[in-house]
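The first chain written gets the first letter, and so on, giving A, B, C, D and E; residue counts start at 1 in each chain.
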């Protein structure tokens, strides 16, 4: 077990390394650099000034030199300073986004897991009946709706017109922190976020449960005189959850990168918003660090998924 | 049957590394197996599930490489062949599968299945291939219109015939038949066994016939090899083996076969315990944990395969039985 | 028993069981037609395709014709679905946008299916070493945060139809690769593939003759999902200012108008029609995809 | 043999809906199982053996299969006789696992992979005997010991995949026997096992059955196994029982051409060498089992039957007594 | 007395610079910075002239080489007095590129800074610079006592800016919640009087529409708004729409190195093909001023300019004469912009359609700012033959110089369209050299005339920009100044009704 985790960690580290090389090169291939993003075209600056600014950021060095300089520092835990944020150190900046990202993601995911799994079970048990058809249709509509449109509409309807929830942000500015305030800000984006994932989980749960329901051990359970409710809940659902765990795992993996549309419409200070701003402004150190961190999270979540899988399914040995 | 050796297997061993997660124990599926097959001979390979029958068959058919040991086909060592030579060799050794449902691609017509080998080996023109396929189909007593149909439209017995026909299209010299009748119904089994026997005699095929049904092997094989946990327990001409089984395992196996004759009830000798895991075989003689006549020495000595009568080999240190 | 006698008897036997059934495609077709949702999906999709492909033959307005005197007009007999912020006819743009969106989605589906299948198949059939090397590459592509990938790639290749297709394709294939590989790892051990290898088949033969037909169900489902996904991604890219360049119409571009509060609030017809078109199309494609998956799944038909 | 039947099936007809068609998987089946008696149900794959046992248990796949006619009278542990077909869901559930136990063919797939063996055996004990979790587990361990599993305490805590095939099958037997049922239905319990392990299981089943005096319905297609374990046998072909009687009689004097062909085509140890050396092929029944989708008119075996006459294809033959409790569904039984 | 808080989206839109707290590196966002930092001099609220801020009065020597500032008597937020030492420190810091300052080039003419006494600072220049005071208006005074301990190379990275900056303005920095909001507290010791509200909060928004939603929902009291969004508040008594000159002239820029625009007749054809009046009246709702040169302010626009009226027929003829078919024909011409707003998308769509009618096939492409800058500053001229862009043209008319003067061709400056017109350059140089404000206007008129005749770009319009404020705000002042000012806005007087 320990050895397995160790091996996965080593492979993970190598992948992260590859990831940094990839991102680094990709970034330098894009037109424009931080200075281009930063300097207002109507501000007169001399060529020498621009050179000085670039030199100060080390952007004049050859690419490999820049990369290894970054890597060397990063290995020691120094991820540099944000170019576009008055020199905020990158690491605390990025780490600060993990909290809100995870909060939003987990609430969204929690909603979608609970709703998705319940709906999936109902749909599978009532296969091809009214409940199944209506739930499946609802799920399809959920999957088919573009996230940014639902986000904009949700914001407009619930925050502007109905005023049920605040219009974006994570906390009321200036107000002392309170959980209620946080929840009020959280509920709408989390609910909107859960639509797509929930629909997906529902579909997977449904098909997985259908598969399991035709298994022989379900028949065995019935032959033992187990009540139908417990046949479903105890014998079928637990087995059906196995593939769904993988789906949830990969959903988490994707969600860690930030729910880009929701975050930008709701000004949720998460990873997605940070990342998109950083890319738009070519804030190289922030991009590198954030990518590394989300990459590490994805790898970690994958590992955890595999371990969770083994925990739920005794047949799988993690060794 | 000539005296020419078509296949010489010596010291064949196969280890399976653990798949999936991490490093579990290595499974030694086949250990130090040696035997020969003469041209035209039918050798039966029997043993319980997991004893390594399929693994041996696949190594002989060049489907998996052996971990160690040699396989000489028609005097040529096969383990060191180049890719091209190997492909040519593939045409000369064919394999018949146990499962008539899994061994035919559900998305190919019978015609496509039968000509696939010719396609791969680039033998003949398209029409020649089809003609060859049709001929093979006829030789297994299937109607010619089967050629444009799909496997799922046939019954298990018919499918097994198609599998046999596929093996025949390339006119192989050696056929490895891996439990070709185990998955079939009683009434179909006999039809297929008859067919194989018939073809073998008519075409002078050499065959390695794998089965765990001892009665079927008795009917078809000239020589029988009894396998237990990857090792040969006993090897003898068929008649000899059934008349005078020497190894306690062979005897137990023969007596465990239920006889459809109610009057012969309960003359059985029931073995204790389960088959050990090949990942963790017992020391010494692998059969000793279930052997009714095991003695202390069995735990320490790996019994060699000894010739005890002409052509009759056994791997047991107890000569004091009978 | 002489062979000839047995053969003739066999012929009789087989003629008994012979229920000369149609080929798998035809059977799949009939399974598909039995699926109510799928047929409804197709029933929605076909008119949509027909309308978008032929609208310039029967609709008087062109999608990019501006009319600064008829801006932001609600649905009327002249402009059935109203006009947008520069007086372009929404109906015409909806049709043209459908054309573009479906083109982008379909093209990216084809490309990513190809890449995904090929890489997955090579990993699945190529042996351990190739497999692990390829899969690490796939993992890497999956670890790459999509946002970064999207923005960076889009700013390198630019915006417009072709780059959008590229971006969407490159973003989507790894999932398919994984599925194809998983299927092939299992398929590789199936007897009929072993048989093929036993006859000396090489990688290419296995790829075409076995891998392709036996992953067709995965491919079909992926393809339909990917078309749906492509439409959504294109819309998302437009939201980020990437994607198909305005003023070229695409559903994403049209929806993007909802970004301005005044449009969201005052001119719902400007985003509701493309929004509805998108949802309905994606929904229909999903239904068709589900139906196709069932149709290609022989287990769905009880023997 | 005891005269008190535990199970009395009369006129059982089970149909399946496939697409818009109905197929008759079991047709007008009559069968009794008495206390302490083992009745074997034999026949080729697809002949309706499993469907019969599932019909008794009320486990036909819902929405697809249903019992179209017949009565299934079971004598419960309490002595009360119920008709399984009419008692309905909740009462049927109380019978299942309590008065009837069932062993399925595939020992791995019929055990739930995510629960320990002990938990699964304890489940019917908790449900039907109302015992606590701890007591039920103790009972479960006892059952495992009964079926001859060494070190039952440790095994009870293991998952199905950690046991060998033979042990799994013993575990499913323990599970079926958990509540001391009066009727045990074993659907091909040894088909997936090796001969030496099969011998162990048959031995065990015979032993347990004698010990507890329960009735057993044993489904198989292996005639050797039937000879080994059963008192009476019913031979099925294409959904119908074509012959039934005591094993000794039926095997010695089959009165149906199908039974006869079957008996002949089973290869026997010892005789095979003789046949081989004589160059004779193995005896066979030509052709294959017809599909239930398009059964021939009249006797379903007629197309393969060497005794076929015109009349065979005209009417579905009745089951007639051929003497001494042996019945055959052949109009020419006397000539066989 | 109850707590009063004003929340606004002060850094939304083109004048904002969210997340930047260091005035030395700020290229915009001065509206907000000015609530807690102050410059020496500042534009008046109508942006017409410079007034004293931390300098109570200032004088310029005859030779325009020496500037004397009399400093006000005030204290930093931490209680230390503000003195001429701080002025010297700040200007030296800003002049030194090592500090990361982006003012280095613009302050390069400073020869020395003298501090005769605590309340006087004298700045000497090497050569006259008409833009000097205008630059100074954006240089926020910084406390020497707090910053001198930091190594100059580390100043730009210091956490001081976003955690405990100290200024002299009416509000004190309270806290910054990353990417969410910045909170200010009233500075009771402000020399202009104690601010009327206790707290001032600047909330960040990722896009303007979200800010407008928050405004509608009553969560903020002020934000910048896209013109179309601003319109939705029209007639709503709860809100006040603030309209102002953007001081940005929008133009269609011809890349003079691209090879297809060399013929003046082609450039004329482009402008004749576009119905600018129709676009202004429909797409801008009338809120833009037509431009026929780089300026629209009446004092800078001479009489007798060519008006380039909408005349597609003429455009076609001009193209014909110039031989457009040989120059380019109907090949697609990429048309780059960095504007990502729905309004600009519409405008460009309209122009594309108009140009298509005369046979010029342009394909709009919107980029993010760094991509745009990266491309137009590169030498790959074929990638940006045509742009739609804007350049600041006021309040100081000299702003246009960097975009049109031949000496400003990249990498030296920002003449991204590579305009090399000797007469125009000459006119610009002449106007730039004029240090006497009263004599400058006619010289800028000459620049306008040259632009109108030569068409280095096709000038389009100067659009209005909008802010929307809640009617609850009292004495609130904001104007869409370029880069956000700074301008005199008296934050201490802002008040909010309950």
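Basically, contacts are C-beta pairs under 8 Å (C-beta built on N, C-alpha and C of every residue); 3 or more make two chains touch, one makes a residue touch a chain.
Model, not experiment: these values are computed from the prediction.
Engineer: Taking a step as a move to a touching chain, how many steps at least join chain A to chain C?
Structural biologist: Each step joins two touching chains, and the minimum needed here is 1.
Engineer: Counting C-beta pairs in contact, which comes out ahead: A-E or C-E?
Structural biologist: So, comparing the two chain pairs, more contacts are at A-E.
Engineer: Please name the chain that ends up farthest from chain E once chain centres are defined by their CA atoms averaged.
Structural biologist: Of all the other chains, the one whose centre lies farthest from chain E is D.
Engineer: Express in whole angstrom the distance between the two chain centres, defined as the mean CA positions of chain B and chain D.
Structural biologist: 31
Engineer: Taking each chain's centre as its mean C-alpha position, how far apart are chain B and chain E in Å?
Structural biologist: For chain B versus chain E, the centre distance works out to 86 Å.
Engineer: Counting only Cα atoms for the centres, state how far chain C is from chain D in Å.
Structural biologist: Distance between chain centres, rounded to whole Å: 49 Å.
Engineer: Report the inter-centroid distance (CA atoms only) between chain A and chain D in whole Å.
Structural biologist: Once rounded, the distance between the two centres reads 54 Å.
Engineer: If you look at chain C, which of its residues touch at least two other chains?
Structural biologist: 1, 6, 10, 17, 19, 155, 259, 261, 264-265, 303
Engineer: Residues of chain E touching 2+ other chains?
Structural biologist: Each of 207, 209, 213, 216, 367-368, 371 in chain E touches at least two other chains.
Engineer: By residue number and range, which residues of chain D touch two or more other chains?
Structural biologist: In chain D, residues 281, 286, 288 touch at least two other chains, as defined above.
Engineer: Going by the contact rule at the top, pick out the chain D residues touching chain B in the complex.
Structural biologist: Counting only chain D, the residues touching chain B are 44-45, 164-167, 194-200, 202-203, 221-228, 247-248, 251-252, 261-263, 265-270, 272-273, 275-276, 281-286, 288-289.
Engineer: Where on chain A does chain C make contact in their complex?
Structural biologist: 11, 15, 18-19, 22-23, 26-27, 29-32, 133, 136-137, 140-141, 143-149, 152-153, 156, 253-254, 257-258, 260-261, 272, 275-276, 279-280, 287, 290-291, 294-295, 298-299
Engineer: Give the list of chain E residues in touch with chain C in this complex.
Structural biologist: Against chain C, the touching part of chain E is residues 207, 209, 212-213, 216, 226, 228-229, 231-232, 275, 278-279, 281-283, 340, 342-343, 345-346, 348-350, 352-353, 363-368, 371.
Engineer: Which stretch or stretches of chain C touch chain A in the complex?
Structural biologist: 37, 136, 139-140, 142-149, 151-153, 155-156, 228, 232, 235-236, 239-240, 252, 255, 258-259, 261, 264-265, 271, 275, 278-279, 282-283, 286-287
Engineer: Under the definition above, what is the set of chain A residues touching chain D in their complex?
Structural biologist: 214-217, 219-228, 235, 238-239, 312-315
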